[in-house]
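Report on the following structure.
We call the chains A, B, C and D, going by the order they appear; numbering starts again at 1 in every chain.
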């Protein structure tokens, strides 16, 4: 809790995310229609807005998955038009799908992602424990998990991958009360450890208490909330 | 059929070029029609019958140029793909030339395969021979149909360009491999069942000249088609972009309405 | 494709094959050319002249 | 982390998934088997069957290749894992090598079983040199098949509902492998009086194919899946 940075605090460092008039397409449709947003290190920014407003696309653009059709953008110092590949390893995106392999166990899933960055066995165990998917649950194939357990496993993969910018799309969906508290604690701890987080969420009450700043996403554009 | 389409520039029509034409393409078009008329006159009229193939040799005056142009078109696709991929500017113009050329190549190859079958029926007595040339051509035909299908997958223009440029270069990798394997296949396993009729027949002067006219005519046609098709592709891209502008404006207007 | 047409093709004499080849070649290529031209004209109407790089 | 380490991680993960789900043994192998039985129905002549058996084996392998490739990328696409790999910035060449390696190993198992079945079914006596040729053929043909399959599988996987594209792209490209591997196996089994020594030029063709598409695929896979 106390790890959350003061919203009034000035960050002299370079912004983590900086989009200027960004346009991105979903097929032929401009899901982002000139979005401008800046996220500083250590922030937890809440994206708020109705379905179809472009929140998911905004996150996917920041992850370097969706190219910019127009406008400019930098993430963690890399240009989104020319260096998307350099952005990706340092960003963790948790979208509507969890990116888990159903036939592998929880531990194998987390170990696979951790191994990509050379994480040790202890780190894997710590990641599992932190998201409460350790112990006997760790040996269960991912396809047999409940929705909440899958979500927690996916978050454990993010922890194991040591992502610096976390982009979370409706992370609270499908979690029970205890899971949500665990999630919030993990997110705060991640920020304390140097991560920056952007959350898209309907659950304003829950995410709002977590966020250091809230912005509205409307029809593919970003508006700051006073 | 061709004549009515190509001479869009006869004085009866308006003098200002319309659509994707210019004065240059119009001159080119007229030259193509004239060359085609020559080809018909020489191919069907003036040139003599061959000693072995008799009259059927006349088919070769259209058949050989179309297959050459088809291969030329695929080579142009590959070169243009390379220019897009390795060029510094990533110019979409190269991508359009690659796509237009592949399309023309596929059309020419389709014609080649059918006309080749007709010629084969006259010369060999069968429509299809499992010989190296035919088999390679058929496989390549399918390969480039796949290339055109990938071009239609969607995404932004540059996504399409990158994807299809890579595929255009891979297809060139396939050409020698397929050709080599098919030739090895035929040479080891079946005696050549035909007379020496792979087009390497000894030709007299007039026959050679007819073939020459055919090559000229179809090369002109290829260039004319390439110009028009790549310009049409440019228009398609432009109008798609314009659609994006409208969609963007609509989306922004939508945002204005929501503003409190 | 009816059997009659196939039969006619098989029975066709040399001249039929030769002229057929020419007609087929010119018809196919001409159709492609005509479609390209027509599409180009239709699309060109929607675009102002100054954007057409060839003019 | 070096490319090879990552590629091995990806391959090990794919093989672990296969080991758990047993799709190759439980579904693809029976599919290949029933394909060969159906060929037998269609051809309906012992003499012809014996003559074309090597070709049938490799045709069955090609069809199975399509199924295996679809499966290999369905595993990634089911829960957005391919996206996750891309987000994680995993080098596309490593993904390509890893998935290709696992595909090649699965294909090898399949080929071994199908070839053994063909030899037993047609009662051919294989000389020692023929066995060597058989093994070499499999080992050189498989990387080529895996290279092409993985390459175009990755391209088609990005577009849901476009699975029909895969055979259109893969089958013309692997035609040389079908030709080369079939002739080589004919030589190894002595089908229609073919001499064993005739098979070696084909192994050369298969090797060149594997190298060409291995290199081409490694370079092309990144641009093809990167949107």
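A few notes on this one:
In this text, a contact is a pair of C-beta atoms (placed from the backbone, for glycine too) under 8 Å apart; a residue touches a chain by one contact, two chains touch by 3 or more.
Everything quoted here is computed from the prediction, not taken from an experiment.
Chain D has the C-alpha centroid lying closest to the overall centroid of all protein C-alpha atoms shown. If you compare B-C with B-D, the chain pair joined by more contacting C-beta pairs is B-C. If you average the Cα atoms of chain A and of chain C, the two centres end up 55 Å apart. The mean-CA centres of chain C and chain D are about 40 angstrom from one another, to the nearest whole unit. The centroid of the Cα atoms in chain B and the matching centroid in chain C are 13 Å apart. With centres defined as mean CA coordinates, chain D is found 33 Å away from chain B. Shared interface positions of chain D, i.e. residues touching 2 or more other chains, are given as 226-227.
In chain A, the residues that reach two or more other chains under the touch definition are 67. Residues 23, 25, 27-30, 33-34, 67, 69, 218-221 of chain A are the ones that touch chain B when the two sit in their complex. Across the interface of their complex, chain B is touched by residues 151, 155, 159, 162, 165, 168-169, 171-173, 175-176, 179-180, 183, 198, 201-202, 205, 208-209, 212-213, 216, 220, 223-224, 226-227 of chain D. Chain D contributes residues 1, 6, 9, 13, 16-17, 20-21, 75, 78-81, 83-84, 86-90, 226-227 to its touches with chain A in the complex.
Across the interface of their complex, chain C is touched by residues 1-2, 5-6, 8, 18-22, 36, 40, 43-44, 54-56, 58-59, 62-63, 66, 104, 107-108, 110-111, 114-115, 118-119, 121-122, 221, 224-225, 227-229, 231-232, 234-236, 238-239, 242 of chain B. Interface residues of chain B facing chain D in the complex, by the touch rule stated above, are 85, 139-140, 142-143, 145-146, 149-150, 153-155, 159, 162-163, 166-167, 169-170, 173-174, 177-178, 180-182, 184-185, 188-189.
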